[in-house]
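First chain written, first letter: the chains are A, B, C, D, E and F, and each begins at residue 1.
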Amino acid sequence: MSSEIMSEIKRDHIMKLLADGKRQDGRGVTDTRKLEVEVNCIESADGSARIKLGKTEVIAGVKIIPGTPFGDTPTSGVLTTGAELIPMAHPTFESGPPGEDAIELARVVDRGIRESGMVDVEALCITPGEEVWMCFVDIYALNYDGNLFDAANIATVCALKSATIPGEQYGKGENKPLPITCLPISVTEVKVGNTLIVDPDYDEEQISSARLTVTTDDNGNFRAMQKGGRGSITLDELSLCLDRAVEIGAEIRKIIG
Amino acid sequence: MSGHTDMVLVDENGMRIDGRTAEEHRHIKIEAGVLENADGSAYVEIGKNKVLAAVYGPRECHPRHLQNPQKAIVQCKYNMQAFSVSDRKRPGPDRRSIEISKIISEALEKVVLTELYPRASIDVYIEILQANAGTRCAGLTAASVALADAGIPMRDIVPAIAAGKADGHVLLDLNKEEDNYGQADVPIAIMPSTDEIVLLQMDGNMTREEFDHAIELAVNACHEVHDLQVDALKRRYSKPAKEGSE
Amino acid sequence: MSSEIMSEIKRDHIMKLLADGKRQDGRGVTDTRKLEVEVNCIESADGSARIKLGKTEVIAGVKIIPGTPFGDTPTSGVLTTGAELIPMAHPTFESGPPGEDAIELARVVDRGIRESGMVDVEALCITPGEEVWMCFVDIYALNYDGNLFDAANIATVCALKSATIPGEQYGKGENKPLPITCLPISVTEVKVGNTLIVDPDYDEEQISSARLTVTTDDNGNFRAMQKGGRGSITLDELSLCLDRAVEIGAEIRKIIG
Amino acid sequence: MSGHTDMVLVDENGMRIDGRTAEEHRHIKIEAGVLENADGSAYVEIGKNKVLAAVYGPRECHPRHLQNPQKAIVQCKYNMQAFSVSDRKRPGPDRRSIEISKIISEALEKVVLTELYPRASIDVYIEILQANAGTRCAGLTAASVALADAGIPMRDIVPAIAAGKADGHVLLDLNKEEDNYGQADVPIAIMPSTDEIVLLQMDGNMTREEFDHAIELAVNACHEVHDLQVDALKRRYSKPAKEGSE
Amino acid sequence: MSGHTDMVLVDENGMRIDGRTAEEHRHIKIEAGVLENADGSAYVEIGKNKVLAAVYGPRECHPRHLQNPQKAIVQCKYNMQAFSVSDRKRPGPDRRSIEISKIISEALEKVVLTELYPRASIDVYIEILQANAGTRCAGLTAASVALADAGIPMRDIVPAIAAGKADGHVLLDLNKEEDNYGQADVPIAIMPSTDEIVLLQMDGNMTREEFDHAIELAVNACHEVHDLQVDALKRRYSKPAKEGSE
Amino acid sequence: MSSEIMSEIKRDHIMKLLADGKRQDGRGVTDTRKLEVEVNCIESADGSARIKLGKTEVIAGVKIIPGTPFGDTPTSGVLTTGAELIPMAHPTFESGPPGEDAIELARVVDRGIRESGMVDVEALCITPGEEVWMCFVDIYALNYDGNLFDAANIATVCALKSATIPGEQYGKGENKPLPITCLPISVTEVKVGNTLIVDPDYDEEQISSARLTVTTDDNGNFRAMQKGGRGSITLDELSLCLDRAVEIGAEIRKIIG
C-alpha cells in the first residue's frame, strides 16, 4: 500500500477520533504524554538531562566554560543553545549541519530560556569586561515522535537546573550551582481540522495545519511564543492556547520542579 | 529584550521618543512594481526600515526533491544586506534569517492559492536595505504586495506589524530603541478578511492583559497596513505597464 | 517558441541592427545608458549609493569600522570589496555564497578602487601598527540588465565618495569625510560579431564573444583592466577600447563628480 | 600517547588506578533495542563511556552514486556529542570522526551479508554521549548489537576492545588517564568465530613482544565482550516486542 | 602594486636586480607529458615559478547542468599548493584562484575546438608548486601544452607572459620584487598565429604610452614562449610513448 | 567492452599470476617498486620532497611558522599534516575539500610521524607558553597508481628530514635544521585472495579485500598501524605483515637515510 494512501487512512482515522474528542493513544485533547526525566546522566557535562515525552526522546547537555563577554554586556555571562536533529532519531532526519527545523527548534527553546531570565547571567561574571562564564546548551533529538519543542524545552530546563559551574576545573573558585531564577515551560499545540491538541505525536503533527508554542514563567506570564506551520489560527484559538499554556505549563513545572 | 533599563521611552504624557502615541505606527510607505526583472516586486519603508521584495514564479521548483505534486511551494529568503545594521553584518544566511525565512514562507503559503500550480515553486526574496526594528513585518508586508504584483492568486493580502512593551507600556510598532530597551515584542501577521493569524512570535515578558492589548493594537494596525498595501497596488495598476512586460 | 529559437531570432535582430551601427534601444555603439544616482540612501551605512544604468540597478554600501592593520602595512587602512548577485536581480541568479561571476565582479571593481589609490588608506591609520579604519564595500545587484561591471564600479565610487568615517560612534575622534583622491571609472565594452559596443545590455552580453573592462583615473591613466569572455580581441580592438575608456570615463566622472 | 610522564599508572602490585589488574576490562553494560524509531539499536557502557547506536535499513541508498548494484553498502556515522568530552566539542564531523566512521563502516561491511540487499544502504549511527577512552570500540560493539537487533543477517556479531601500554605495562582496555599518559593504544575488533581481525589501529611505541601480548589480551577480551553482546540480544528477544513494531 | 617605494629595481644601466634587461624574460623550461594518468600534462618553470598542468578529457561533464549540447566546456582549476608561497597558503580555493581559474578557462575555450565534443568537459588542472610572480601566465602556458599533449585539437597553442612597470620602467616578465614594489602588471595571452588577445588583465598605473610599450614587449615575448612550447611538444613526441598509453 | 568486464578480466589475470607468486609488473609479492626521491625541490617551502614509487607520485612540503602553543603543551612545537587527493592525480579524484580517503591518509601518515617522535617537538619551543614553531606538512598526490600511504609517508619523512627552521625570516635566531630523531617508515600490504602483497599498485588495490599499514621506527618498534578495507586479516597474516614491515621498512630507511 502506498505511503500516500496509508497517510490518507491515518488522517481519516485521527480526524474521526478527534470528532469525539479522542486521540490515537487514548489521550484527551489537552493531555500531555507521560514524562520521564533523568538528570545529570552525563558526567562529562556540567549539567544534563535525558527525557522522554511519550516516545519522543531528547538529551540536553550543558557545558560551562570561561570566555570573553560581548562588548555591549561586559558583566553578563553568555548563553548559547544549539539543537541537532540527528538521523538516529527519525528516518527522515539527515546528517549535516542543522537545517531550518533544527534552527527554529533551538531558537524557540533559547528564547524561552533567555527571555524568562531563567539563568541569572549577571551572576556569571568572573571579571567585568574580561571574563565570564559561557553556558553552552546542546540538544540532541534521540527519538522523534512529535513535539520536539516541548521535549527540548523540558530537557534544557532540567539540564540547566541541575548544572554546576565548574570553578575548580578552571581555577576560578569553587564549584557552585548555576544560578536559576525560574522555570520557563513551553506548551505546544497543533491544529488538526478545527481542533487544537496539546503535545502532538508524529502522526498528529503530520496532518496538522498550524502549530503554536507558548512559553510561560512561574508567574504565568508569557515569555516566548512561536506560531509555525502553513495554517492559520483565529484569535479565539489563540486565546484558548494561552489559557492552556498557563495551566499545563504549571503542571509540568510541578513535575520537574 | 533587555528589560532592565532606566531609559525613559514613554514620557508622562504618553509620548514616545519619536513623538508617537502608544497606538501609532511609524510612517509607512509602500510602492509596488519597483524592479524590472522580477515577476512582482515591492518596496516598503516603515520608519527607518527600508525593504525590497521580489517574486519569481510560479516556476520550476529547485531542488527537485522539494516539489509537491499537489501544489506549489512558497520559498522565501530573507536577507539583511551587510550595511543595513549598525555593525556590519557578515554576508550569507545566519540562524536568525533562516528562522525568519521559514516563518514568512509558512505565512505566505497559507494565503497563496498553491493548489493552482502543482510542482511549482513561488520564490520570494526579501532584502533588508536598512534595519530599524520590525524588518520581518516590513518584509512580509512587502512580500505580499510583490506576490499580488506578480499576479499570483491569493486568498488575502497579508499585512504585518509588531506590538510590544517598553517602559511598562504596551506600544504599537516598536522602534529600535524600544526594541532594544523594552520588555516585549510581538510581531504578527493576519489575513484581514478574517483576522486569522498567519504569523505570530513573542519574546519578552507580558501578562495576559498586556498581551491581549498588544494583539488588539497590532490587529487594528494590520488593517491600516492592508489599506496601504491595496493603495500601492492600485497606484501600480494605474501606472503604465513597465517597459519590460509589453 | 523554445528559448533557443527565441535567442536565435534575438541574435539576428541585434546583429542586423549593429550592421547599421544601431542598437535595440536606439543607442549608438559608444552610447552609455541613462545613469541615475542616489547617494546616501542608506542611513545605517557610512556611505551608500543606489544607481541605475538603464535597467541595471545596483546598490553599494560602505561600513567603516576600527580594526587591526595587516602586519606588512601597519599604517594603512584596509579596503575590502564584496559583491553578491542575489536572486532578486535576475531569474538565473541563485542563492548561496558568491560564485565565480560575483567574485570576478568584486575583484575587478576592487582593483580599480585600490590601484587608483582612490581612498587614501594612509589617512585611515588610527594608531600605527595597532588600529586602523577598515572600509568594507558591499555591492548588491538589484536588477540585472547587463554591464554589472560599470554599474558596480559607479555605485562603489559614489558610495565611497559620500562616505563618512564614523569617529564619534567608536570614540575615535570626530566624524570626517572618507579621504578621496580621485574617481576611478571603468568602461566596459563587449564584442558582438566584429563590433565593440559600450555599456552592453543583457541581450548584447548574451550574444557577445569577449568583454573588456578598462578603468581609468582622473588623468586618463590606466588603473585596471580585465578581459573576459570566451572570445578574443585584436590589438586594434584593444586600442579602440582604450581610447573610448578614457573618453567615456571622463564623461561619467563629470556626471558623478 | 604522550609517553613522557612520571605518573604512576600501575602500582607495585600490578594494580591500576581504577583498581583493575592488567588483564581486566572496565565494567561493561550492553542493552539492545533502546530506541523506538530505529530498525535496531543498542546502548553500551564501558567504564565511563556511554554510547548509543541506531541502525536504519536496508533502505534506499543516498546519495545515489554510492549505490552498488551487487550489494548493500554500510554507511556508519560516528559522532561525539558536544558535552561528551571535558572541553566542549564543536558540533559537526571533524577529521578524527570521519576516519573512525570509515574504519567502522569497513569493519561492519565484512560481517553484514550485504549481497542480500543489492543497491541498498544500511545506515549505522553511533552517538557518543560520554567519552572516556575507548569510544570507537564501544561504538562498534554497540553498532554490531544494533545491526542484530535490526534483524540484518550477519556472519558474526563483532566485539571490539583496545589493549595498550602504560607505565611500561601492557594493559587491557585503557582508561582516560592511561590513554593520555600511556605509551600505546591498540583498538581491535574481530569476528569471534574465526578470530579474524576486521578493525585494527595502533599508535604509540611497542616492541613485537609487547604488541603480541596486547593482541592476545584484546582478542581474549573480545570474546568476553561478545558473550555480553549475545546476552543483551537474548534479553531483548525475551522482552515483549516494542510497541511501535506491533 | 604598492607603487610607493624607494627600492632601486632598475639600475642606471637599465639592469634589473636579477641581471636582466627590461626586455628579457626569465629562464623558461617547458616539458610535456610529465604525468602518467592524465590524458595530457606539462611542467613549466619561469624563473622561480614551478607549475604542473594536467588535462583530463574530453570526458563526461560534471555537474550535468553545465553541459552544453553544442560543444565541450573547458573547466580549469588553478590551485596554489600550501607551500608554494612564503606564508603558508591555506588549502582550498580562495577568491583570487577562482578568478584566475575563470579567466584561464575562458582563454582556453577560445582555442580548443570545443564544437567537436558536444556535452563533454575538458578538465584542466593547474597546480602551482612554487610561486614567484607570474603563476597565472606560467599556468596557462603549461595548460596549453598539456592540452596539445592530450591530443585535443586546438586553433593555436596559447603562450602567456606578463609585462609591467617597476621603478618607472616598462619591464617584461616581472619577478617577485618587481611585482611587489612595482607600479603595474599586465598579464597577457595571445593566439600567436593572429596576435589576438585571449587573456588580458592590468593593475597599477600606466599611461597610454607605457601600456602600449608593455603590450608590445609581452606580445613579442609570447612568440618566444610559443616556440618553447612547440619545442617541448616536439621533444615529447620524439620520446617513446609513456608506458601507460600502450 | 564495459569497464566491469574489463575489471573482471584484470582480476582473473592478477589472481592467476599471484597463484604463481608473480605480479603484473614482474615483482615478487614482497618487492616494492622503484623509489625515486628529489628533496628540497621547492625553495618556497622550508623542506620538501617529490617522490615516485613506481608510477605513484607524491609531493610533500613543509612550512615552519612561529605560533602559539596549545595550552596543555606549552613548551612543544606543533605538527600538522594534511593531504589532498587532487584531481590531477587520477580520473576518479574530485575537486573539493579532503574526503574520507584523504583524511585517513593524512592521519595515518601523521600518526607515524607523531608517535615515533621523529620531530623533536620540545626543541621547537621559542618562548615557553608563548611562542613555538609550528610545522605544517602538506602532501599532494600528483599521480596515483596505488599505495599512497607509503608514498606519502616517504615524501613526508624526506621533506621533514631536509627541512630548515627559518629563524632568520622571522627574526627568531639563525636558521637551523629541523631536529630529527628517527625515520618512521610505513609498509603497506593488501590482501588479494589469500595472498598478502607489499606496495600494491592501483589494480591490485582495486581487487584487494583488506589493507594493512605498519609503521616502524629505527629500532624496528611499532609506532602506528592502520587496517583498512572491507576484508579481514587473520592473526597469522598479521604476524607476517609485522615481520615484513620491519624488514622492508629497514630497507627503505637505508635508501632515504
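Here is the rule we use: a contact is a pair of C-beta atoms (placed from the backbone, for glycine too) under 8 Å apart; a residue touches a chain by one contact, two chains touch by 3 or more.
Owing to the predicted nature of the structure, the values given are computational and were not obtained by experimental measurement.
Engineer: Which other chains touch chain B while also touching chain E?
Structural biologist: C
Engineer: Going only through chains that touch each other, what is the minimum step count from chain C to chain F?
Structural biologist: Contact-graph shortest path, chain C to chain F, evaluates to 2.
Engineer: Among all the other chains, which ones are in touch with both chain D and chain E?
Structural biologist: Touches both chain D and chain E: F.
Engineer: Where centres are the averaged C-alpha coordinates, which chain has the largest centre distance to chain C?
Structural biologist: Farthest by centroid: D.
Engineer: Would you kindly say which chain has the C-alpha centre located farthest from the C-alpha centre of chain F?
Structural biologist: B
Engineer: Nearest whole angstrom, what separates the Cα centre of chain B from the Cα centre of chain F?
Structural biologist: Their C-alpha centroids are separated by 58 Å.
Engineer: Averaging over Cα atoms per chain, report the distance between chain E and chain F in Å.
Structural biologist: Chain E and chain F have C-alpha centres separated by 32 Å.
Engineer: Averaged over CA atoms, how far is the centre of chain A from the centre of chain F? Could you give it in whole Å?
Structural biologist: Chain A and chain F have C-alpha centres separated by 48 Å.
Engineer: For chain B, give me the residues that contact two or more of the other chains.
Structural biologist: In chain B, no residue touches at least two other chains, as defined above.
Engineer: Indicate the residues of chain F shared as contacts by at least two other chains.
Structural biologist: If we look for residues of chain F contacting two or more partner chains, we find none.
Engineer: Building nodes from the protein chains and edges from chain pairs that touch, which of line, ring, star, complete or other describes the result?
Structural biologist: Graph shape, chains as nodes and touching pairs as edges: a ring.
Engineer: Output the circular ordering of the chains, read from chain B in the direction of chain C.
Structural biologist: So, from chain B then chain C onward, the ring reads B, C, E, F, D, A.
Engineer: For the complex, which residues does chain D have touching chain F?
Structural biologist: 1, 3, 95-96, 98-99, 101-103, 106, 109-110, 186, 191, 194-208, 211-212, 215, 219
Engineer: Tell me, which parts of chain C touch chain E in their complex?
Structural biologist: Going by the criterion above, the answer is residues 100, 103-104, 106-107, 111, 114-117, 212, 217, 220-235, 238-239, 242, 246.
Engineer: Mind pulling up the chain E residues that touch chain F in the complex?
Structural biologist: 35-38, 48, 50, 52, 54, 56, 59, 77, 79, 81-88, 91-92, 123, 125, 127, 129-132, 243-244
Engineer: Quick one: in the complex, what on chain C touches chain B?
Structural biologist: Touch residues, chain C against chain B: 41-46, 48, 55, 57, 59, 61-63, 65, 82, 84, 86-91, 95, 97-98, 136, 138, 140, 142-145, 169.
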